[in-house]
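Okay, so chain A shows up in both of these, paired with chain B first and chain C after.
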Partner chain A sequence: MKAVVFDGVVLGLQFGLLGVGLTVVYGLGGVLNLAHGQLAVLGAMVAALRLDAGASVGVAVLTGLAAAGAIGLLLDRTLLRPVYRRRGEPRVLLGLLLMLGVAFVIDGVLGWRYPIEALRVRIAGAPIDVLGVGMRRGSLLASAIALGVGAVLVAFLRFTTAGKAVRSVIEDEVGAQLCGINPATVRALVLGLSAVLAALVAVTRSMTAPVTVDAGIDLTILALIVAVVGGLGSVSGAFAAGVLLGIVNTVSAHYIGSYVTTIVLLGAAALTIVARPSGLLGRGQE
Partner chain B sequence: MRGLTRSAVVRAYAPIGAVGVIAALLPLRYGDSRTMMGVIIGGALFAAYVIGFNVIFGSTGQLFLCVGALAGLGGYTSALLADRRGLPLLLAMLAGCLAAAVVGGVLSLVAVSRSLGVIFTGIVTLAFSLAFHNLLLGRRDLTRGETGLVVRAGSDTLLDERVAPYYVFVGLVVAYLCIHRALQRSRIGWAFRALRDDEVAAELAGIDVKRCRVAAGTLGSAMVGLAGALYAHSEGFISPSTYAFGRVDVRVLVMLALGGIGSLLGPVIGAAALTVLDEWLVSSNEYRLVIYGVVILALFLGMPRGVAPTLQSLRERRFRWRQTRQAPNAPNGGTTSAASGSPAPTPSTTSTRTPAR
Partner chain C sequence: MLDVVGLSAGYLGQDVVHDVSFTVTESDAVAVIGSNGAGKTTLFRAICGLLRASAGTVRFDGVPIGRRRAHAVARLGLAYVPADRHLFPNMSVAENLDLGAYPRRPRKERRDLVLDLFPRLAERHRQAAGTLSGGEQQMLTVGRALMSNPRLLLLDEPTTGLAPKLAAEAYAALAALHDQGLTILVAEQQVPLALELADRGYVLDDGRLQISGSSAELAESPVVQRAYLGIL
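== the complex of A and B ==
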């Protein structure tokens, strides 16, 4: 049981990191990035191709992250411009549909060009004993990265001027603009950053199991569930929901079965929306 | 105003008749080939799906991302009831249709009563869609999982022939179009248009917006469920992937975008266009997804003022000659052009939806 819960925490930290990107992008501009997982896989595939070409793990991973970030930035500056010219419901709808289109394009191109590519980052070494449970080094490293990046992210949002700018745009786009913040720049940087985070999750997941070309949809859906349960727009909510759902996921998969687990996770998302639309830690603002 | 004269009725339903005639003539050309008939049956099936989705999304703006799941609910309910319980075919299909209607109605009710915006409605229905898919995969004892289910009921009827099932589907599509048209011309249709143009104003004008939405959700889901059930029996084999999100909803979205959201014939045009496109691309299965994505991007980006207003102004231009004669019951552009008098390409503000509250 303890081992299962630990595995859940490891998974959950990564879920959280995955959900954070989606949630911040939505909070900022109302764009539900349905290509989130696809951007992650894109980064992972670039890394995998660099690895195949003989690059070292560090270089390959950095290239992958950079590629995902660059594509995210590019998407924001090109495709999403017409989206941001709108407000309210039409913006949300157009953003959602465009990112769905992007998801198809990325999935389609990757599946077509590199149908059997997969990213594996092997972390060698014997399992390390944590509170009486032998944990694989890959899992521990993945958790450490997720925790570290999460902490940096929270610190960034809380204490730096740029982070405060991001939060102010989430809070009130027009108000932020009046204070001299350019929402367009903030959004572009954040979409790029969220793509980097997504790709990072793909990399940390590949430390325990290979990430294949077709993993994009699953990652997107996971991110969506986590972001919804945590409350769209809430960073701390996404991490809390990520860990919670990670534990639920492994416990349920271990004791009940994988099909039911998926249904449980989806049910959690649907229930959250219906019962508490602002999420677990939501402040009830609508 | 409601155009109760006979010629107005004829003019309102003439396009549907034209669609029916054109569709009915297709087997003359392709009737010899079993593969081609399969392809155009698929096209007709999707036209039916898209009409149902159009009633839900196009009329009342509820983003139901569970068309495949609703069709699957209809299909599996009908197939299991007919084969395992020995229910008569028509009764079983009716049960499938009802099951989809109930689930769609409940989803719509939840969305409406919790006043979920387009995004939350989308996520809830997507969650239902994926959960249903997993349920199909998980309940192997009932659905035989990924192996799929052979549907025996219906194989001894006219559904087993080569051309006949196609006519059944054409009949279904024509019937759906007539229902949609009748809906557009009824009080409910006016209510739909009013609430799509301006929800608050519609509410103030005494329209029960919630009831309208739930009614549209239920009716559209029933349409999708019946089509799914019919397909199960005519094809004789269903599996979870027959009704998977990636197989159904994605195409339905592309088709509706191609044909035009909210319009009467849009679903048929979109379904026909994408079926033809798919046939051209049949040898290039690998990058079909890319093309879908590009189509979605191009369609939604090519309309910088928003999909609905652009389509509306386009339709206004295209149907101007028709509208000069029958302004009150022109397809959908009627409201704006009748109000403003001149069908100027700039969309009137009434056609953009109100921002989220």
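== the complex of A and C ==
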């Protein structure tokens, strides 16, 4: 049982990092990025192709992250421009549909060009004992990266001027403009950053199991569930939800079967909406 | 400092403000008087870039700003205090103030100046802006605008929702800023307060500037007396 829970925490930290990007992008501009997982896979496939071409793991991974970030930035500056010109419901719906289209395009192109490509980042070495459970080095490294990046992210948002500017746009776009903050710049940078984080999750996932070219939809759904359970727009909520859902995931996979995990996770998300509409750590009226 | 010429603006193709022209010179305090729905907010939103004007030009220090977005106008040193505040409710008072100085780091002297002006904000430094009372939120909105060390302060009904005593205090603070040389343009329904602060004023009625003059002249004007000062 302990090993199962530990695996759940490992998985959950990565879920958290996956959900964070989706949640912040939604909070900023009302765009529910349904291509989140596909951008992650895109980064992973660029890294895999670089690895195939003989690049070192570090170079390959950095190239993959940069590619995902660049595409995210580009999408914001082009496809999403008409979205941000609208307000309220039309903005949410148009953003959702366009990003769903992007998801299909990325899935289609990658599946057509590289149907059997997969990213594997092997972390060598014997398992390390953690409280009596032998943990694979890949799992530990993946968790360390997720925790480290998550901490940097929280610190960035809380303490830096740029981070406060991001939060101010989430809180009140007009107020931010009156302070001299350009919401369009903030949104573009954050969508780029969220794509980088998503690709990073694909990379850390590949440390324990291969990430295949068709993994995008699963990652998108996971990110969506994490963001909903954590409360859309809440960073700490996304991490809390990630860990919780990670444990739910491994426990249900271990005791019931992996085929039901997605259903169990969706059930958990639905339950959260009923019980706490603003998310685990939600402040009620946000 | 601020030159507005032939400005028309409105919503959904329907102008609310028609052909408005006026100027604000450096170190002036100017009042725009008008009742609810006269177009004061529309006029101010068009000046500060939150609303695209349908006609006319706006120049700030000779620079045309009519086509600029609100964040770019703010960076030029034109700070707008909207009647509906637009604070960041879940962020602390300190964070709200710090963001007023964006993109620079907030200066200590500047923050001290603002907190001297509004001591209540110092007491509530760590509190979330959304939990402040209406009067305190109004102080915070003005304080946030002042953090950027603006050269022109636009205030849209700074006394909205304030008890008379607080409204008088708010205007005392504005008068102190004006004495230090800050240029102020204020839209107001509470005419006596506005005319006491301002050197000059304009009356905006049904989206058009009807009367202009020194504060003393406006206070004497029969139209102003009847419509805004309650003198028959």
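As a working rule, the second predicted complex is superposed on the first by the 285 of 286 C-alpha atoms of A that agree within 3 Å, B and C clash if a C-alpha of one lies under 4 Å from a C-alpha of the other, contacts with A are read in each partner's own complex, and residues count from 1 in each chain.
Basically, a residue touches a chain if its C-beta (ideal position, glycine included) is under 8 Å from a C-beta of that chain, and two chains touch if they have at least 3 such contacts.
Keep in mind that this is a model prediction, so the values were computed, not measured.
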Partner chain(s) touched by A:Gly132 [first = chain B, second = chain C, both, neither]: neither
Contacts of A:Gly58 with chain B and chain C, given as first, second, both or neither: neither
Partner chain in contact with A:Tyr259 - chain B first, chain C second, else both or neither: first
Greater chain A contact set [chain C / chain B]: B
Partner chain in contact with A:Gly175 - chain B first, chain C second, else both or neither: second
Intersection of the chain A residues that touch chain B with those that touch chain C: 286
In the complex with chain B, residue positions of chain A that touch it: 32, 79, 82, 85-90, 92-94, 96-98, 100-109, 111-112, 115, 217, 221, 224-225, 228, 232, 257, 259-260, 262-263, 266-267, 269-270, 273-274, 277, 286
Footprint of chain C on chain A - complex, ascending: 161, 164-165, 167-168, 171-172, 174-183, 283, 286
In the complex with chain A, residue positions of chain C that touch it: 48-50, 69-72, 74-75, 79-80, 82, 85-91, 95, 98-100, 102-103, 105, 144-145, 148
Touching residues on chain B, where the partner in the complex is chain A: 61, 63, 110, 114, 116-120, 122-124, 126-128, 130-131, 134-135, 137-138, 246, 250, 253, 257, 286-297, 300-301, 304, 306-307, 352-357
